[in-house]
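Presented below are the structures under discussion, each in the form of C-alpha cells.
Across the two complexes that follow, subunit A remains constant while its partner is subunit B and subsequently subunit C.
== the complex of A and B ==
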C-alpha cells in the first residue's frame, strides 16, 4: 500500500452552531492528484484550512506527512505548497520582491531557475508589481511561488477561480509540470469539473460538510448513471431501486440518477414497473457531479458515503 | 534570514505611515519652534536690558519644546494606531494571513518580526523628535534652549505610541465581537494612559508602563498562537 501523505479522521468544524465540516475522513496517498469538488459553501476551504492547521477543528484530527496539522513544524510546512483562495499576495511587492521574500524560507530547496522559467512561461516580468497584475496573473505568480521549492504536497484552494479559459489552461499546464515530477501529490479544490477531469486521477466530493465520495475519476464516471424510463400511462412515484440519488418526472418519462446500480437491477426494475423502454443517457463529469450533489429526494446512501 | 525577510516586509508596510508621521512632526514642530522662538526674542529684546526692573511672572517662560511635545504625543499615538492597523487588521481585509502564516517559520517568529517592525517605526519617530529637539538646541533663533527633561518626555511618548500599537494588535487578534471583549486592548491602553498621565514620578510611570507592556505582549502572543486564519 502506498504511503499516506494526508489523512483526516472524523474532522469536524463548527462555526457557532453551524457545521461547516462533519466527520470528514480522507486519506490521500503519495503521488495522487486529487480533485476536491463541492458546491459553494460545501466546506472545501474549511477542510483545506483545517488540514493546514490554519483553523482549529471542533473534533477529529488531521495529519500531513505524519505530523498533526495543529502542530505543523516549519520543516513540514516547507514540504507543503499552498495556493490560497483568490491568490492573495502582498500587493505592494513586485514579483522579484515576492521571490526574495519567499526564498529564505526554503533554504536550498528554492529553485531559482524553475521560478524564472515559470515566470517566463506565463509571460510575466519580475519587475511587475502585484497590484498591477490581473486575477489570472496573480494565479500564475501564486503557482510559481508554490512550485519553485518543489513541494512534496501541493494544496490549492480553487486556483482557477475567475480565470478565463486560456489562462486556466496555461495554469493547468503549469500544474502538470509539477505532477510530472515523480512522487508529487496534489490536492486542489475546484468548481470546474473539466479541470478536475483533465489533471486528476482521484476525485473527492464534499457536500454540506460531509464527504460524499472519494474514488478514482474512472470509477466515479462509471458509477453515476442517468437512466430515462418511458411509461405508457402512469409514471410510478414510489421508487425503490438500489443506488437512487435523484429522480425527475417529465411528462410520462421518469429520469433516475443512480449510483453503482448494476445493469441487471435497472432492467429488473424497468420490467417490474412496466416501463415501455429505458435508456442510459450519457453525462459528462460536470452533469454527474451536479446530479450527484443536487439536494433532492434521496434513496439509499452511496457505497462511498459516510453515514 | 527568515526573521530578516519577515522584518523587512513588516517594516516596509509601516514605512509610508512612518514617513507621513515624521514629516508631520518635523513640519508642524518646526513651525511651532519658530513661532515660539519669535516670542522668545520679542520677550528677550523687549523686556530684558541692563538695569531694567521687570515683574517676576515675566521671567517665567514655558519650554520651547513643550508644544512640540504635545504634538509628538498625538503623532506617536496616531502612528501606533496606523501601523497597528496595517500590521494586524489589513491582512484580515486583504486576506493575506494564510499566505503569511503557511511558511517554514513559527508563528512566534512571524509575530516577533511584526512587533520588532512596529517598535522600529516608533523608534524612528523618536529619532525625528530628537532631530527637532537638536534643532531647537543649536538654532541661533532660540534664546532659551529646551531642557533635556522635555526631550526625554518626547522619547517616552514614542514608547506610548508603541503601547497603542500593541493595543490595536490585541483588538485585531481577538476573535470576540466588537461590542464585547474585542475592545479590551484599546480599553486597557486608555486606562493605562489615564493612570500614567496622572502621575508625576517618572520612575513610577516607567515601571507601570513596563508592566502594562508585558501584559499586552503576553496577551498578544497567546492570541496570535491561538488565532484561526
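== the complex of A and C ==
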C-alpha cells in the first residue's frame, strides 16, 4: 500500500441540525488522480473545505500530508494547491499582479517559466485585468496559478463547471501533466463523468453526505451491473439478492442494478426464481453513477412515461 | 504509433478495456508485429489525455496475456507469436462467446452457410498480414 496523502476519519459536519457530511472516512494514496463525484448537495464542497481547514468539523478529523487540517502550517499549505468552485480571483488585479501576489506564498517552488508558458498558451497577456476576462479565461488563469508551484496535492472543486470542451480538456491535460511528476496527487470534484473517466484512476462517490464508494475506476466499472431477467408469467416482487441497489419491472422483464454480486449468485437467483433467461446489459459510467445514486422512486417524474 | 488508438469516453467499455482491445486487435491484424515497440506509458498517457496508471495497467494485462513483453529500462514490445498459447479454459471462454454470436445470428434468421461465409470474410481481415508476420518469425 502506498503512502496516504489525505485522510479523513469520521469526518462530520452539521449546518444547524442538518448533516452535510456524516462519518466520512477517506484515504487517498499518493500518486493518483481521484475523481470526486456526487449529486448536487451531496457534500463534495463541504468535504473539500473541511480537508483544507476552511471549515471546522462538527466531529471527526481530517489530515493532509500528515498534518491535521485544522492546524495546517504555511509550510504544509505551500505543498497543496486549491482551485475553488467558480475560480474566485481578485477582480481588480491584473494577471501579473495575481502572480506576484501568489508567488511569495510558495517560496522557491514557483515555476515562473511554466506560469508564463501557460499564460501564452492560453493566448492571454499578463497585463490583462481579471475583471475584463471571460469565465473561461478566469478558469485558465486559475489553472495556471494552481499548477505553477507544482503542488504535491492539488484539490479542485468542480474546476470545469460551465467551461467549453476545449478549456475542459486543458484542465485534464494540466492534471495529467502534474501527475507525471513524481509523487503528485490530484483530487477533483466534477459532474462530468466522461472527464472523470478519462483522467482518474480512482473514484470517490458521495451521496447525501456519506461515502458510497471509493475504489479504482476499473473496479467501479466492473462492480455495478444491470441485469435483465425475463419471466414466463409472473415477475417476482419480493427480491432478495446480494448487492441489490435498484430494480424496475418492465412488462415481464425485471431489471436489477446489482453491486458486486458474484456471477454465480446471479445465476442461482435466476434459477431459484424460475427466470426464463437473463442477460447483463452494458452500462457506461454515467448510467452506473445515476443508477448507483438514484433513490428508488415510487412514482414517475413525467406523466407521459405512463404509456 | 499512438495515433491509431482512439479513446471514447461515455462508452460502455472502460478506458482500460478500450486500450487492451485496440492494441490486441492491432497485434492480431498484424499492424503491430513481433518486436514492435509500444509507445511509452507516459507518452501514450499524455497524447491520449488519460491516466498513466490506466495505461500501465493495460500494458500489464497485455503482458499477462503474453501479447507483449516488458524489458526493464527499455520499453514494452510485441511478444513473439511462438510464446502465445491458449489453455483449455481460455478456449472454453472463446467457444462460449462464439456460441452467443451464433445464437444471435440464427435468431436473426441467418443460415449456417451465410454465417460460415461471414466468418471466412472476417477472418481474411486478420489472416493475410498475420501469416506474413508468422513467416518472418520462422
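Couple of notes before you dig in:
Assume the second predicted complex is superposed on the first by the 296 of 307 C-alpha atoms of A that agree within 3 Å, B and C clash if a C-alpha of one lies under 4 Å from a C-alpha of the other, contacts with A are read in each partner's own complex, and residues count from 1 in each chain.
One rule holds for everything that comes next: contacts are C-beta pairs under 8 Å (C-beta built on N, C-alpha and C of every residue); 3 or more make two chains touch, one makes a residue touch a chain.
Not measured: the values here are computed from a predicted model.
Legend: residue contacts after superposition of the two complexes on their common chain; A:199 is shown touching subunit C, with no touch to subunit B. Of the two partner chains placed by superposition, only subunit C is touched by A:172; subunit B is not.
In the superposed pair of complexes, A:248 makes contact with neither subunit B nor subunit C. When the two complexes are overlaid on their common chain A, residue A:218 makes contact with subunit C while staying clear of subunit B. When both complexes are overlaid on chain A, the residue A:86 reaches subunit B alone and has no touch with subunit C. Contacts of A:191 after superposition on the shared chain: neither subunit B nor subunit C is touched. In the superposed model, A:208 makes contact with neither subunit B nor subunit C.
Put simply, subunit A touches subunit B in their complex at residues 49, 52, 54-56, 74-75, 77-78, 80, 82, 84-86, 88-93, 100-106.
Put simply, subunit A touches subunit C in their complex at residues 31-33, 169, 172-173, 176-177, 179-180, 193-195, 197-201, 217-218, 221, 282-286. Here subunit B touches subunit A in the complex through residues 1-2, 4-5, 8-9, 12-13, 94-96, 98-99, 101-106, 226, 228-229, going by the rule given at the top. Residues 7, 9-16, 42, 45-46, 49-54, 57 of subunit C are the ones touching subunit A in the complex.
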